[in-house]
Amino acid sequence: MTWIRAGAVFLLLVSLAVVPWLLSPYDVGILVQVMIYAIFAMSLDLLLGYTGLPSLGHAAYFGLAGYAVALISTKLWTGAALAPLVVAGLAVTGAAGIFFALLALRTHGVYFLMITLALAQVLWGIAFKWRSLTGGDDGLPGIRRPELAFGLSLADPTIFYFAVLLAFVLITAFLHVLVRSPFGLALKGIRDSESRMLALGYNVWLHKLIIFVLAALMAGIAGMLFTFYNHFVSPSDLSLVLSAKVLLMVTLGGAGTLYGPILGAFAIVMLENMLSAWTERWLLLLGLLYVASVTWAPNGIVGFLAGRPGAQD
Amino acid sequence: MTFWIIQLFNGLSFAMLLFLLAAGLSVVFGVMKVINLAHGSFYLIGGYVALSVLSATGSFLLAAAAAVLAGASVAAVLQTAFLRRFYDNELAQVLLTFGFLFIIADLCLVVWGGNPQALPKPALLAGSVVFGEIVIPVYRLFVTAVGLLFAGALWLLFEKTRWGAMARAAVDDPEMCRGLGVNVPVLCTSVFVAGAALAAFGGFMGGSFVGVYPGADFEILLYSFVVVIIGGLGSLPGAFVGSLIVGLLDNFGKALFPELSLFTIFAPMALLLAVKPTGLFGK
Amino acid sequence: MSPSQLAVQNLDMRFGGLEALRDINLSLAPGERRAIIGPNGAGKTTLFNVISGALRPSRGRIYFSGVDVTRLAPDRRARLGLSRTFQMTNLFRTLSVRENVFLALAALTPRKFSMLRPLSSHGDIARAAEALLSDWGMLGLADRPVKSLSYGDQRQVELILALAGRPKLLLMDEPTAGLSPAETRRVVDTLHGLDKSITVLLIEHDLEVAFAIAERVTVLHLGSVVIEGTPAEIRRDSRVQEIYLGGPEA
């Protein structure tokens, strides 16, 4: 990493660190949302952009983790601290990730796309219909943010902001390293040519399984943070609309670039917040954005900035 | 016993409705290698347009015709203006259809509102057939009959006509097709439009017992997906068998275990994936 | 009976009603150079796909280094030392030449699961990649994306990838297809210079190349083995001449 790059990153981190004292609580909230969605989008980019696995049901892990912490903290173990709650939530999400991966990875291409969508919809259907457990359409309100150590509580907006910032920075750093590692290279190899990878001796299925579960866990972290942020979880956190939203963040930002999805998350969150003040037609705009970005910027914002707006191959 | 027979007929009629939708999805994929995420949207368009035309004119025939026409026109526009430009980029086409799904869903919400609606049944078909204790709505029988009729007609279309032969050839070997001078873009457009017309007709037919409401497009899409996952993409027999399996299982599941809802279709899907990932009749 | 490197026994391959391969028997000694020739549609690539594991045969067995690999997945066979090049260049197009080679070298080590260290920190693999590229004269192109390379250079990378893991058996599917005469000579020289412990089985359309490289030649026609022998024997055989001259142009 060059000195200029390192300097820019340092400046960015410093500015993010002083944000709670510079911006209004509303704006801080927006930033929190951006960072949570950025984590979510990067996790999907791992699958779609780096490994070539088009998952249309990624919201499944986001919402499942949210429901897990909501149910555990309200029904099973009230007053739980953050660490055990997160571990439990991740365990549930990880189990689902493994189970879904075992099914979905038996398929390729379009079948994979359909299966991931179907699996997510099944979860959504269960959340919707099983009122006694999940509250159905009404969701589960009143989720309290857990305590941290030293008397600090995530209920304090500033503390929460820093917790999310920490998660965002750590995960981004981890992924930055991952995509430059041999494992990351193997993922790109799988994306470019599975048959070649097999011929070289790579157990492609195993690589896919690992990244699928890793991506699910990361989406789960984002989902848990989101549930704590809103004090609320509902079937919309598992919905096809959310899967579509995060997919757009990835493709709009630039699939396979890791930082593109962060920009995509920023763009979509800002747009949604600005536009929802005037209009209810958010779904229509989402659809139009989809069509527009595919038609005019298939390589996403990152590609556009790099002077390669059109499709690469 | 009565319960089972009634549920059987209900399941069959639902299965036939699913077939109308899954067949379109499956063939569109087979020929164009694109999975149309907006397929359920044509059901919605068909149902809503039928509703409006029906309340304006009172004629079921007009409503059906309008529904089919609406679905076909929207499909024609989407295909020629957008999808065709990305004829070899399948991911782009999937993303585009995703966009269409939301655009159409929201536009329908604006025009027809958020309340769930149902098409009234024609007086001729509104009654029930009674065999002792068994009461079966005539409309359900009608849907089943129409579905079977369409299954037969589609089979004839694909096996016996030149258009059908071209479509089947495109499914098997698109390169060869181009080489043989088949006008592939025109073929794709006609297949896409036909699939949409079928789905819109399904909206008209299903409008009275499944209903038309925001979210119906997502639900129908999900069911169609499960059908083609089980039956195999690009296969008409697959769509038929898949529809039967899903329609019957879903109906019995809802009647016996209502809270488990989608789980009853999840289980056969998972089972199939474990055994034959490309579907019963898939390649 | 001396152990064979590759033994194919009673192999059938059927696609629905079509019989692509019928009762193929083949045995390669370690270090042997064998060419498979035959007109289009003879089943040569299908045979390769069955040997490499991309296809499961309808009947028959395949033994590699004495191990029954008939039901093993392609990656398992690769890890046992079976390597191949593809007829249609099959590389990692968006990655650089260096990254392609790195993937090939890392394939048989546990490093491929390493997530926390960048490629450059894996010094031994990085250096081995550098050495390989240098030996093949491709250092200048090392950091260019493979898709920007000329066809001939891409075919060369294809070969580098196949040899990187020091395989026991190398399957080459039409290595000189589309190459200029100079490039073809380079391939032939490379194959002549290959380590004698590597067994080579190649499909070739260019009969002169096949005869220049191979010690023994197997002729395939319509899915069956017609004759097997030295290049001289094959050249003289009337059946072979009929197949090539009497039938569709090879």
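Order as written gives the chain letters A, B and C; numbering starts at 1 within each chain.
The rule we apply is simple: a contact is a pair of C-beta atoms (placed from the backbone, for glycine too) under 8 Å apart; a residue touches a chain by one contact, two chains touch by 3 or more.
Treat the numbers as computed from the prediction; the structure is a model and nothing was measured.
Asker: Name, by label, each chain that touches both members of the pair chain A and chain C.
Answerer: Both chain A and chain C are touched by no common chain, going by the contact rule given at the top.
Asker: Using only alpha carbons, which chain's centroid is the nearest to the whole structure's centroid?
Answerer: Chain closest to the assembly's C-alpha mean: A.
Asker: Name the chain whose C-alpha centroid is farthest from the C-alpha centroid of chain C.
Answerer: If we average the C-alpha coordinates per chain, B ends up farthest from chain C.
Asker: Compute the distance, rounded to whole Å, between the mean C-alpha positions of chain A and chain C.
Answerer: 42
Asker: Roughly how far is chain A from chain B, centre to centre by C-alpha average, rounded to an integer in Å?
Answerer: About 32 Å, centre to centre.
Asker: What is the distance, in whole Å, between the centres of chain B and chain C, each centre taken as the mean of its C-alpha atoms?
Answerer: The mean C-alpha positions of chain B and chain C differ by 47 Å.
Asker: Where does chain C touch two or more other chains at once, residue-wise?
Answerer: Residue numbers touching two or more other chains: none in chain C.
Asker: Help me check something: in the complex, which residues belonging to chain A touch chain B?
Answerer: 54, 56, 103-104, 106-107, 110-111, 113-115, 117-119, 121-122, 125-126, 128-130, 240-241, 244, 247, 251, 281, 283-284, 286-291, 294-295, 298, 311
Asker: Please output the residues of chain C touching chain A within their complex, sorted ascending.
Answerer: Listed in rising order, the residues of chain C that touch chain A are 52-54, 73-75, 78-79, 83-84, 86, 90-95, 99, 102-104, 106-108, 111-119, 122, 125, 147, 161, 165.
Asker: Going by the contact rule set out above, which residues of chain B touch chain A in the complex?
Answerer: Contact set of chain B toward chain A: 29, 33, 35, 37, 82, 85-86, 89-92, 94-96, 98-107, 109-110, 218, 222, 225-226, 228-229, 233, 258-263, 265-266, 269-270, 273-274, 277-279.
Asker: Could you pull out which chain A residues touch chain C in their complex?
Answerer: So the residues of chain A in touch with chain C come to 177-178, 180-186, 188-189, 191-193, 195-204, 210, 312-313.
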